[in-house]
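Given below, in the form of structure tokens, are the structures.
Presented sequentially are two complexes of chain A, the first with chain B as partner and the second with chain C.
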Partner chain A sequence: MNYVLNRLLSMLLTLFLISIITFAVTNILPGDVALMIMGTQSNPEALAGMRQSLGLNDPLIVQYGHWISGMLTGHWGTSLVFKAAIGPLLLQKMTASGLIVLMSMLIALTGAVPLGVWAAIHRDRWQDTASSSAALFGVSLPDFFWGIVLILLFARTLGWLPSSGFVDPGTDLGGAIAHAFLPSLALGLGLMAHLTRMTRSTMVGIMEQEFIRVARAKGLRERAIIWRYGLANAIGPVMTIAGLQIGYLFGSIIVIESLFNYTGMGWLTYQALLNRDIPLIQATIFVIAAVVMLTNLVVDLLYVLVDPRIRLG
Partner chain B sequence: MRRFRTSKGMIGLILVGLAILIAIFAPMLIPAGLSTKMHMAERLHPPSLKHILGTDELGRDLFYRVMLGARTSLEIAVSAVGMSILIGLPLGMIAGYFGGWLDNVLMRIVDALLAFPALLLALTISAVLGPNLRNTIIAIGVAFTPYLARIIRGEALRVAQLPFVEAARAAGTNNLNMLIRHILPNVMPATIVQGTISLAFAILAEAGLSFLGLGTQPPQSSWGLMIQASRNYLDISAWTALVPGTAVALTVLGFNMFGDVLRDILDPRAK
Partner chain C sequence: MTDLAVNGNDGAPILAVDGLRVEFRTDAGPVVGVEEVSFAIRPGETVCVVGESGSGKSVTSLSIMRLVEFGGGRIAAGRIGFRRRDGRDIDLADLTPAEMRAVRGSEIGMIFQEPMTALNPVFTIERQLTDGLIAHKGLSAEAARRKALELLQEVRIPEPERRLKQYPHELSGGMRQRVVIAMAMACEPRLLIADEPTTALDVTIQAEILALINRLKRETGMAVLFITHDMAVVAQMADRVVVMYRGNVVETGSVTEIFEAPQQEYTKTLLAAVPKLGEMRGRPAPERMRGFAAPGSKTPQQPEARPARPRELIEVRHLSTRFPVRSGLFRQTTAHIHAVEDVSFTIFAGQTLSLVGESGSGKSTCGRSIMRLTEPSRGEVLLEGSDIARLDSYALRRVRRDMQMVFQDPFASLNPYRRLAAQVAEPILNFGLARGAELEDRVAGLFDRVGLPRSFLRRFPHELSGGQRQRVAIARALALNPKLIIADEAVSALDVSVQAQVLNLMMELQADLGLSFLFISHDMAVVERVSHHVAVMYLGRIVEIGPRMAVFEDPRHPYTRTLLDAVPVADPRVRRSREDRRARTLPSPIFPLGHEPAPSVYEEVGPGHLVIVE
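Showing the complex of A and B:
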């Protein structure tokens, strides 16, 4: 239990540092929030009043205090571009992105685990060369290029799937999945390539170990060795590596959601950055970093829970 | 060098060499003005004898544009990775070698930075500073620094515990000398391997940033910008997307293969 407590305490410290980094990065912005709200035509006195009421004349440390206490008490402010409360806006976009992050992870793992294992058990033979070369090629293509190829193939040429837009899963689940499919595939293919490489090297490491040789020596069938001894031991590390890719996915969705006009968290971040919507930028990057950190924590804790050999603290 | 004589090593070497040669010599080889000259009468022409890779939406020759894109891409990637090594190498070495509270403080900050997806951090910094060539380098350089610092710290920690370091300390080597003469040469292999792989990621990041309009700005020729511009013409001229896309893919593939082989040679513990 001590281990979990320790991790939670260090999580709070990291969260605090994340908030400072977020605030620091957005405060080197030359933009003026008051000017953005009032427009360039407003008179100087009203502008000065606005600055005063927004607290822009306070020292940075006081401004940080205002911001972080607002974030902690649920007063996330109003987006300058969308003229809407940031809290509900983020919740809605997070759900939309959650769908494609989950789907792409599912696509990636479904392909990567069999391919990686297949390559590992045929190490240095043509199966390994084929799978590893394909994976190497996969990690070298930018994901938005995957996106464009998929749009050309499945939307323009074959006309099977929509290439743009977002449908709320609450109102039309089938439509939601159809619209999320191509962006998820574009994200999933690159991730699949990366995870295939990881699965292969994990599996190669395991198949070289003593207990595998023992299992062979006592005459177990190769199939049983691979499944019950090899894969059972590889699945933990592979899941951990997959969990760590959540951060990568939350970076990639910015490009992919913009390409597919999928109005999720990535699309929102991009709009906020383009329009220099400072309150929205602060909230989005803080929330994304917090989500990434929390997922990593959950993956770590799950690993301890699942693997009986790890008993920490 | 013999290990490069695998097919992977050879292909990687050729691709990287080709990309570097094109990046250096393209501006000298291309007839002056041909890459920027617009021919509205020859917009979106498919590949032909006159334009072997076709033309873009302004009638510019894609073969020349894509060659100039190599220069932008490599210039940004090399400078950005150079910058993150310049910051990450001393930070990682100091954290790993001294350990204790210094290591704790530095690695806490690095952990917090790692919670921000690299592309998100780079995009934000670029948007905040105002997108141009120099700020794209700074954005990617800063975003990659925590990764490098983490890896170099791990290496420095390992090296600092080796017997020869203890022996050097017993012989009266001071900390500065120890860091420069003993730790630095031993963390260099991992730094070179990680740097090469980071180059591949930096090229992808530059393409992504430029694709979103928050990286290289026109009229500079950049692969990400070319793919962005092609989006409106996908139906009639898919090659305007496929040409720069393939250029990115081949260059990144080259650096990845090169990095893999380098790792096999320099870092035999990794698989």
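Showing the complex of A and C:
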């Protein structure tokens, strides 16, 4: 319990630092909110008036104080582009992208763990070479390449799955999953390749451990040794690496969601950046950082369940 | 146990290895691991296979278990005859993997060297003890649990019920090795293979484990195949001995034949290299190991005309080193490990003081604190009068010229990417003492000094053997003409014959250059050979210190006696029948913040012979 509190405290500290950096960086960007609202053709007096009313003439530290107290009290402001309250907007888009991130992680792990173990136990034989080459192929190609291939294959040629659009999981869960499937697969393939390599090298290390030899000396079946003794030790490290990829996934969805016209966080971030929607950019960075940190906290807590040596405290 | 009748000694061997040859696949074609290995073990008999690294002793034991196949090996020829419980004679080399699995763990049990890594860290002790029973005997979970509890009692682990629920990291090394033995004994095997089972353990724990194996053998009548590099352990355990060298059996015989009338040159050399505890009785000065004269060195001699009281080189007074235990968000210090606690001693010029003790006694930290590689918490270290503990970094750097260190692992203490000449030259360059041709001459001279050919100058560490590497480490330590060398387990990782040569080199350097050594070691027999003075450490404190003869021949502190008593003697006629006791839990030197331990107070029991007063 103490450990969770400590972790949450240090998370708050990190978020505080992130908020400062976010705020500073978005203020260095050329143009300001007043200009974005009024447009470049507006007259200078009106612009000055707008700046005054938005508080843009206050010292940065005061502006930051306004912003952060707003964030903390749930007043996240209004998006300039969407003309809507940022809070509910982010919640809706986060749900949409959460579905994709979760599904791509599931797809990646279901493929990577068996493949990685299979490669590890056939180390230096053709199975290993095949799996390693496939994985190298997978990590070398960008996500959107897989996106294009998947659209061509499953949407155009076979017509099994929709190639674009977003359906709210609250209204139609099946439809939501169907629409999220191809973008998730596109993201998941690259991730699967990466995690396969990690699983393989972790497993190779574990299968050389003395306790594996001891298990063999006990006369246990090789299958039990690999899938129980071996995998129980590999699952922790693989999980940690998978958890660290969540941040990477939130970066990748910017391209993938645009490709599949899937209106989630990635698509939202893209729109916010394109239109210099500064309040939205600030809130988006902040929320993504918080979500990535929280998922990693969850992963670390899960680690305790699979490895008794990790003591929280 | 119940198998006594079946295992009864009717003279026919339970295991008969005949002409075994094992090959390993490599990129350059098959490499022979062992060849022409033949020996037999009868029920109730202990056969020791002894040899140095690369002798093939472990390959032999792994071949019997057919585990060698998992490491890329293949039994190319020979027969491994094994008499099963039902009386059938089978050839283990011929069995299918599934048939072999039924023998492994059921009729042959095996224990390994490293208790720290032999247990699966993420499973409970119960799960690891029961899965073999469930696989071989088809016991129910409940019956297996009862049997597991019984096994833990059998290997004398205290609080067995609690242990079942624990994970390996919660047990000490000695306790874990008992669990590994319990696992191997689970299905009442007819043959127990022990592959260096005590090499990673402290000497007192080793004595306990050896006594345990002996008792289990006596009670069950099983046969034991004991693999070791340690002749002293062989002398204590073996009925018969198989000596191996470079993949071949050199000599086989009863333990008395091997120790008292060895036939082969290699066996004789091996025996000569082993220091025997007690053989220095009545001899005040250190002596070279016999039969290992380095080429070109002088005949062994002891300089008799020593001044009655040699000069003091280093005086350590009330040295303490504590490490913080940190926890919480801001990593606050919540306790201290008192690694070294109020330690005082003197090292004389041209002499060797040995620090002995078991792991965790603080002997290495003590050595590091003197050089300030670890900052001592308090106390003084006077090198010829000036206090090292108080020097600023500039003055400390100068003082370090006078003190050099040689570490245990010569693989780790040399940079794998640099040529040896450059590594030995480094300290000289560091202090700007020589350059160009003069530097080359000095480095070449150092190679001569430690008995390495000059052709090694341009080589890299991986091209050398362990003993040669340790010579390079010594050459590097000598480069600055130091007054003191701190040797932290400097010969512990070496094979005995190499160990003897390196020890002789160190004694030679002491005689020629007047070097002082702080010799940190866990090996009492080696310490007896090389030391002028000995200090025994326990839980951070020196419990007994004095001239070597006094400490070894008249030990006063109970811990010193326990330690000396636990050392196996390399002589089968000096067997100590030890009672098999319960595993102990060792106290820890972790104290809460602000805890001030009492100062170390000593009583002088003889000239310079001090014993701590509790």
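Here, the second predicted complex is superposed on the first by the 302 of 313 C-alpha atoms of A that agree within 3 Å, B and C clash if a C-alpha of one lies under 4 Å from a C-alpha of the other, contacts with A are read in each partner's own complex, and residues count from 1 in each chain.
Everything below uses one rule, namely that contacts are C-beta pairs under 8 Å (C-beta built on N, C-alpha and C of every residue); 3 or more make two chains touch, one makes a residue touch a chain.
Quick caveat: nothing in here was measured; it's all calculated off a predicted structure.
Contact with chain B, but none with chain C, is seen for A:251 once the two complexes are overlaid on the shared chain. When the two complexes are overlaid on their common chain A, residue A:173 makes contact with neither chain B nor chain C.
More residues of chain A are touched by B (comparison of chain B with chain C). Of the two partner chains, neither chain B nor chain C is touched by A:91.
Legend: residue contacts after superposition of the two complexes on their common chain; A:28 is shown touching chain B, with no touch to chain C.
Shared contact residues of chain A with chain B and chain C: none. Of all residues in chain A, those touching chain C in their complex are 2, 6, 9-10, 209-211, 213-222, 224, 229, 232-233, 236, 306-309, 313.
Chain A contributes residues 13-14, 17-18, 20-21, 25-26, 28-30, 136-137, 139-142, 144-145, 148-149, 151-152, 156, 201, 204-205, 247-252, 254-255, 258-259, 269-270, 273-274, 276, 281, 285, 288-290, 292-293, 296 to its touches with chain B in the complex. Listed in rising order, the residues of chain B touching chain A in the complex are 108-109, 111-121, 123-125, 127-130, 200, 204, 207-208, 211-214, 227, 230-231, 234-235, 238, 241, 245, 248-250, 252-253, 256-257, 260, 271.
Per the touch definition, chain C reaches chain A in the complex via residues 65, 67, 70, 97, 101-106, 109-110, 112-114, 117-123, 131-132, 135-136, 167, 169, 180, 183-184, 186, 327-329.
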